[in-house]
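Two complexes come next, and they have one chain in common, subunit A, joined by subunit B in the first and subunit C in the second.
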Partner chain A sequence: MKSTKKKSNLFLTIMGDEKRQKITIPLFAILLSLIAGAILMLSLGKNPIEGYLSLLKGCGLMMKKNYAGGKGMLTDFMSFLDIWTPMIFAALAVAVAYKAGLFNIGVSGQMLLAGFVASLTVGYSDLPAVAAKPLTIIIGMIVGALAGSLIRLLKYKFNINEVVTAIMLNYIFQYIISFFILTYYVHPITRQSNVVSDASRLTLQNVQIGNMKSVIPLGFILAIVAVFALSYFINRTRVGFELKAVGANKKGAIYAGINANKSIMIAMALSGALAGLAGVTYYMGYVASIQPKVLISTGFDAVAVCLLGNSNPIGIVASSFLVTIISKGSIYLNSSLGLPKEIASLITGLLLLFTACDVYIKYRLKKAKDHLEYEEKEAQRYIEKYGEQKKEGEQ
Partner chain B sequence: MNEIIVNGMSFSIPLFIIAVGGIYSERSGVTNLALEGFMGAGAFFGALFTALTAGVFASTSNLPMYLSLFVAMAGGALYAIIHAVLCIKFKANQVISGVVVNILAMALTDFLTSQINESVLGHSADKFILNVFPRLTVESLTGIPVLGGFFTNAYIFEFIIIAVAVVAWYVMYKTRYGMRLRACGDNPYAVDAAGCNVGRIQFAAVMVSGALSGLGGMCFAYSVFGHYSTSIYAGYGYLAIAALIFGNWKIPATLGACLLFGFARAAGYSLIQYLELPGTYSDLIMILPYVLTLLLLMIFSKNNRAPRALGEIYDKGKR
Partner chain C sequence: MSEYIVEMRHVTKRFPGIVANDDVSLGIKKGEIFALLGENGAGKSTLMSILFGMYEPDEGEVYVRGKKVETFSPNHATELNIGMVHQHFKLVSNYTITENIILGMEPQKKKFGFLPVVDIKNTNKKIAELSKKFGLEVDPTQKIENINVSMQQRVEILKMLYREAEILIFDEPTAVLTPQEIEFLLEIIREMRRNGKTIILITHKLEEIKQVADRCAIMNRGKLIEICDVAETSTKKMAELMVGREVSFTQEKTPCKPGEVMLKVENLVVKNADGFPVVNGVSFNIRSGEIFAIAGVAGNGQVEIADAIAGLAPAAGGKVILDGQDITNSPVKARNKMGIAYIPEDRQTWGLILDFTLSENLLLRRYDIAPYCVNGVLHREHFTEKSEELIEHFDIRSGQGGQTIVRSMSGGNQQKAIIAREIDLDTPFVIFVQPTRGLDIGAIERIHSQIIAERDKGKAILLVSLELDEIMNLADTIGVIYNGQLLKIAPAETMTSNEVGQYMMGVKE
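The block that comes next holds the complex of A and B.
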C-alpha cells in the first residue's frame, strides 16, 4: 500500500504542475505509443530497439551500415528535411485555425489546390529561377488563403458547419484536379501530371556536396522563418491576441469589443496560406508532379502533429520532427528489417489516440494531487489532535 | 431508367443507414465525425469473418454473407467504444476524437488486413475478396413503370437495411430510451435531473451508431467495391454526415437526402455512358454528391436546428 503511494508520488512529481504538464503529457503520450509500437514489433518477432534505430537511420540521423555510391547520411538527412518541411507548414495551418477555435480538416485539399495552381501557372512556364521560385511561393499562399477563406465564408454567409465544408471541398478539389490532370496534363508513362520545371521547384536537385549528390530543400528555411513569425504573431501582436481570445471564449471576446468575425476570417485565411505553402513545398519541392485521385495524408497527420505540439509553433517543430521520423523512416524499416510499412501509420495513429486523452490525464493528475493534499491535511490534523491529547495527558 | 434506380438505390441505402447511425450519436449530444472509421472498421470485421469461414460453409451457401452483416454490426459497435470512451469518459474534444478514430481505423485495418492475409490465410494481399451479394427481383412488380425499378435486381441487403432503419426510427421516436436519447442532445442536465444516467445513454447511442455504420460499410464493400480494402475509406462516412445535417437530424428527411445523393451519382454515370464520354469524365461525376451537398446546405442550413447540446462536453457538476 505504502509503496504504491510512493510510486504515484514519483509519477506526480515527474509530471509536474500544470505548466510543466504541457510538455510532460505529450511526452507521456509519445512514451505510451512507442511502447505500444515496441510490443507490435516484438509480436512480429523483431527487435524493437533495432526497429526504432532503423527509423533514425532511414532519416539520416544515424549512420547506416553501407550506402550506395554517391549517397550518405547527409543525403538521407536532406531528403528528410525535404519531407519534414510540408509537415511543419501543414501543422502550423491546423494550429492557427485551432487557436481561433476552428478546426481546419481541409489542409490536404488546400495543399492540393495550391500545388496544382502553382504548377499550372509557374511550373509549366519557362520563367528563370529568380522569378519562378518566389512566384511559386506567392501563388501557393494566395490560392491557399482563398481556399481557406471560402470555408469561413460559407460558414458566415450560410451557416454551414466548417468541418463538413472542408471535407466536401477536399473531395471536390481532389476529383476536379484529377479530371484536369488526366485530361490535359497527364504524363503518358507515369500517369501523373507533367513534371514541373526545375527552375520553379523549391527543392534544388542533385547538388554536389563533397562526393555526394543531395537535394537542398529551400522551403525548410522558409518553414523555420514561418515558425518564429507565427509565434511572434500569436504571442506578441494585437491581432494575434484577439484571435486567441476569440478561440478561448467567443462570447467573452465579442463582449470585450473584439470583432470576432474578422478575427476568424484572418485565422482561416492565414491557415489556408500556410496550407498553400505546405502544398507548394510538397508538390513543387519534395515531388515535382501530382498523382491524380490521391489526397495525401499530410493534412490529416498534421492534426496529430498540431495536437501533440499543443498547437504551439515551437512545440510543432518538435512533434512534426517525431512524426516525420516515424513516417519517413518506415521505408528503411521495411527494407532493412522486413517489418510492414503500415506499422508506422499505426504507431502514429496510436500516438494520436493517446494525445487525445490529454484532458483525461490532466484530470486524473489533478485528482490524484488533490487526494494527496487531502491526505496530507488529514495527517496534519491527526498529528495536531494527537499532540494535543498527549499534552492533555501530560497535564 | 431502371439502371439508374438500381445503382442509385444500392448507393443510397447503405449511405442512409450510416447517416441513421450518425443521427443516433448526434441526437444524444455526441458529435460524430467518426462515422467513416466506424464504417471501415465494421466492414473489416465482416470481411474478415467471410475470409476466415470460407471453408466452413458450402460454397453455394449465402448464409455467411448474411452472417457477415451481423458481424460487421458487432465489429462496428465494438470499435465505436473507442470514440465513446474518449468522448464520454475521457471528456476529450469530440471533433478531435472523431478525426483520431478515423485515422486509427484506417491504420489499424490496413495493418491487420495485410498481416492476417499473410500469416493466417497464407498469401500476401491487401484486401479480402467478397462474393457477390444475392439480388432479388420481384417478378410481379417489375411491370410497373418507374416503381418497378425498385424491385428489379435489388440487393437483398437493401431490404434488410430498410427493416433495420424502421426499427431504429421506432426506437428513437416511440420508446422511453429514444426520448431520453433525444433529450440528452438538447438538455442533458434535465435528463440527469430526471434521474437517468446521461453517460450510459450516450455510450449506448454511440455504440448503436457504430453498429449501423458497420452494417452500411459492409454493404458498401459488397455493392460498390466487391472486396474489402482501405479503398473503402472513400469519404462516404463524411457524406453521411452531410446527409444528416441536410436532413436536419431527422430520419425520414435524411432518407430523402441520401436518395438524392445516390440518384445524382447514378444518373451522372448513366449520362457519361449515354454521351460516350471518355472515362476521365467520371471524376466530374464523382464530385456531384459533394457539390450538391454544399449547394443544398447553402440553401437549407439557415433553418437548420442542430441538437442544442451537440458537441458540448457533459459535466455533471455544471448543473
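The block that comes next holds the complex of A and C.
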C-alpha cells in the first residue's frame, strides 16, 4: 500500500500541475508508444534503437551510410517536408473544428474533393505558374470550405449527426471522383488520373541544389504561415474567441449573446478550407495525380495528430512532425532493417491509443492528488482532535 | 422502541460550510405514511439519503427494524427492503419498462435447456400483475422514451415494489406532475399503505401532506422542529412551523423610492420542451429603484420568466417591454446592449464558461466592444486591466488571479465573478435568479447588500428566489407564483412571510 502511494507521488511530481500536464501528458503518451513500439521490434528480433534511428535517417534528419547519385540528406529532408505539409493542414483542420466542439472526421474526403476539383480546373489547364499556383491554392480552399459547410448545413437543416455525414461524404466523394477519373481522366498505363501540369504543382520538382536534385515544397511555407495565422485567429480575434466559447460551453456562449450557429458554421468552413489546402498540397504537391478508389489516411491520422498536439496549432507542428517521421521513415526502416512498413501504422495507432487515454491519466493524477490532500487533512484533523482531548484532559 | 420500523437517533451530517442535519431524532412506524416537510435546503433529502445509504452520518445512529445499520450503501438499503424514488429518475430511455425494472437482477432461463437468456415474457406478466395490484396501470412492454413523466415515475415505483421494498421513500414526487397526476399518485400511495408498506414522503407542499400523510416531521435549517399528527394540525400551523418564526437576520434597507416603469411584462407565456405552458399569462411592472421579487416553490415557472426576459427562452405569447421598447423577440446581445444584466440560476451551465480563464469570463459581456476588441482583434492587455479591477473591487478569490481556470474556483467565488461582471455592466435593469444558492452566510450578506446598493442607484431589479427569507429581506414588491401564474402581487410591507408561504403553496386564493 505504502509503496504504491509513494510511486504515484513521484509520478505526480513529474507530471506537474494542470498547466504543466498539458505538455507532460502527451509526452508521456509518446514515451509509452515508443516503448510499446520497441517491444514490438524486439519481438521481431530487431534492435529497436537501430529501428528508431533508421526512421530519422529516412526523413533526412540523420545521415544515412550511403546515398544514390544525386541524392543526399537534403533531398530526403525536402521530401520529408513535402509529405509533412498536408499533415499539418489536415491536423489544423481537425483542430479548428474541435475548438468549436465539432469532430471533423471527413478531412480525407474534403482533401480528395479539393484536390480533384483543383486538378480539373487548374492542373489540366495551360496557365503559367504565376497564375496557376495561387489559383490552385484558392480553389482548394473554396472547395474544401464548401464541403465542410455542407456537413454543418445538413446538421442545421435536417439535424443529421455531423460524424455520420462526414463519414458518408467520405465514401460519396471517393466513389464519385473515382467514377469521373476512370471515365474521363484516367492515364492508360498508371491507371491513375492524368498528371497535373508542373506549373500548377505546389512542389517544385528536380531543382538543382549543389550536386543534388531535390524537390522544394512551397506548400510548407504556407503551412507554417497557416499555423501562426490560426493560432492568432483562435487566441486573438473576436470570431476565434466566440468559436472557442461555443465549443467550451454552448449554453454559456448563447447566454453571452454569441450566435452559436454562426460560429459553428464559420468553424466548419474554416476546417474545410484547411482540409482543402491539405488536399492540394498532397494531390498537387507531394503527388501529381489521384489514385482512384483510394482514400488516403492523412485525414484520419490527423485526428491523432490533433489530439496529441492538444488541438493547439503550435502543438500540432510538433505532433505532426513526430507522426510524419514515423510514417515517412518507415520506408527506409523497411529497406534497411527488413521490418514491415506496417510497423509505422502500428506505432501511430498505439500513439493514438495512449493519447486517447489522457482523460484516464488525468483522472489517476487527480485521484493521487486528492488522496494526498485527504491524508493531509486527516492528519490535521487527528492532530486537532488529539489536541482537544488533551485540553479536555487538562481541564 | 419496537413500534418503529425506522429509527434515527441524533443524526448529524455536515457538508463543507453547512450543517445539513443537526442532531435529528425521529421514528417511523410500520404501515404509516410519514411526511417530511421543509423549505429548500432544510435537510429533508439529506436525511433520507442517509436512510437510503447514499451518505454516512457524521454522528448518530440509524436503526431499521430494531437493528443498527452498520454499512451505508444503496445496495445494503435494498437488502433491508428500503427503496427510494429520486426526484430525477434513473431510467434507461431506450429500454422497455420491464427491462428497466429488472436491470441488475435479470431473471434467467435456459433456452433449449442450455442457452441462458433473460426471461422477458414471464417477467412482463409478473410486472403487469404487480402493476395491477397497486393500481399503477403501466404496460411493461413500452419503452421509457415513449411514455410521459408520470408514467416514468410509476416505473420507478414498480422498480422498488419488484425488489420487494417495504419502506418506500419518495423525494418530491409531485414536483414534476400535473394536478390530475398528483391525485393519481396520492391514490397509489394510499393503495401501498393498504398493502402494508411504509411510506416516507419528502415534500414542501402542505396540501398533499394534509391529504395522505399520517404524521409529519417539520424541518428547518437542518433541525427537526416538530413531529405532528397531520389530522390534528392545521395547514396554517404547519406552514408557520416550516417557515420558522425566527428570522435569521434582516438586511438594513432604506425605504424604496420608485421612479418610472423600467420593465413591463404583459401576458407572458413560456412553453417548455413538451409544449406545456410553464408560464401562463404573467403580467407585472418593475420601476426604477424597486426590487420586485418573485416568490414560489421551485418549478412553478419563475426561472422561465427570467429566461424569457433575458432572451434565453422564446416567449410563446405576450410582450416584454424594456424602457418603452418591445424586446420580446430581440436577440440576447441586443437586450444586453439595451440594458439587461442577468445573473442566471445555473451559474455553471449558463453563467460561466468553466474552461475559460477568470479574466475571459469577466469580460464575457464586453469582449466584443472597444477597448477590448478593436476591428475584430482582442486586446488582452485591456482584459487583464479590467479583470484586475473587478477582482479587486468584488474580492474574487482564486489561485492565479485573472489567469485561473474558472472550473477550479469555489462556487462562491464563481458566483462573485458573475455578479461582478453583470453589475459592472451598469444596466438600468438587473435580473438576479437564486443569487445566493449554496453560498455561506458571509457571502449571502455581501450579495444582499450589493443588490440593495444597486437598487439605491436607481436600478430596476427582478429577484427570483426560492428562499422566503431572502425575499422578505430584500423585496419592495412581492409577486407570488404558483403553477405558472402570479397569484398575488403586493407591496412587501403588506405581507407577512406566512401569508407569502401560503400563496406559495397555493393554499390561499
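Here is the rule we go by: the second predicted complex is superposed on the first by the 368 of 395 C-alpha atoms of A that agree within 3 Å, B and C clash if a C-alpha of one lies under 4 Å from a C-alpha of the other, contacts with A are read in each partner's own complex, and residues count from 1 in each chain.
Please note the rule applied: a contact is a pair of C-beta atoms (placed from the backbone, for glycine too) under 8 Å apart; a residue touches a chain by one contact, two chains touch by 3 or more.
What you see is a predicted model, and the numbers here were worked out from it, not measured in a lab.
So in the superposed three-chain picture, is A:67 touching just subunit B, just subunit C, both, or none of them (first/second/both/neither)?
Once the two structures are laid over each other on A, A:67 reaches no partner at all.
If we overlay the two complexes on their shared chain A, which of subunit B and subunit C does A:165 touch? Say first, second, both or neither.
A:165: touches subunit B, not subunit C.
So in the superposed three-chain picture, is A:238 touching just subunit B, just subunit C, both, or none of them (first/second/both/neither)?
So A:238 only meets subunit C here.
After lining up the shared chain so the two structures overlap, which partner does A:228 touch, if you call subunit B first and subunit C second: first, second, both or neither?
Neither: A:228 stays clear of subunit B and subunit C.
Scan A:382 for contacts with subunit B and subunit C and give back first, second, both or neither.
It touches nothing on subunit B or subunit C.
Look at A:18 in the shared chain and tell me whether it touches subunit B only, subunit C only, both, or neither; answer first, second, both or neither.
second
Identify the partner contact of A:103: answer first if only subunit B is touched, second if only subunit C is, both if each is, neither if none is.
Only subunit B; A:103 stays clear of subunit C.
Which chain, subunit B or subunit C, is in touch with more residues of subunit A?
Between subunit B and subunit C, B touches the greater number of residues in subunit A.
Once the two structures are superposed, pull the subunit A residues common to the subunit B and subunit C interfaces.
No residue of subunit A touches both subunit B and subunit C.
Could you please specify the touching residues of subunit B with respect to subunit A in the complex?
Answer in residue numbers: 33, 82, 86, 89-93, 95-97, 99-100, 103-104, 106-108, 110-111, 114-115, 235, 238, 241-242, 245, 278, 280-281, 283-284, 286-287, 290-291, 293-294, 297-299, 301-302, 304.
Can you list the subunit A residues touching subunit C in their complex?
Contact set of subunit A toward subunit C: 18, 236-239, 241, 244-245, 248-249, 251-259.
For the complex, give me every residue of subunit A touching subunit B.
Per the touch definition, subunit A meets subunit B at residues 103, 105, 154, 157-161, 163-165, 167-172, 175-176, 178-179, 182-183, 292-293, 300-301, 303-304, 307, 340, 342-343, 345-346, 348-350, 352-353, 355-360, 363.
Spell out the part of subunit C that touches subunit A in their complex, as residue ranges.
Residues in contact with subunit A: 310, 312, 331-333, 335-336, 342, 344, 349-356, 360, 364-365, 367-368, 373, 376-378, 380, 405, 408.
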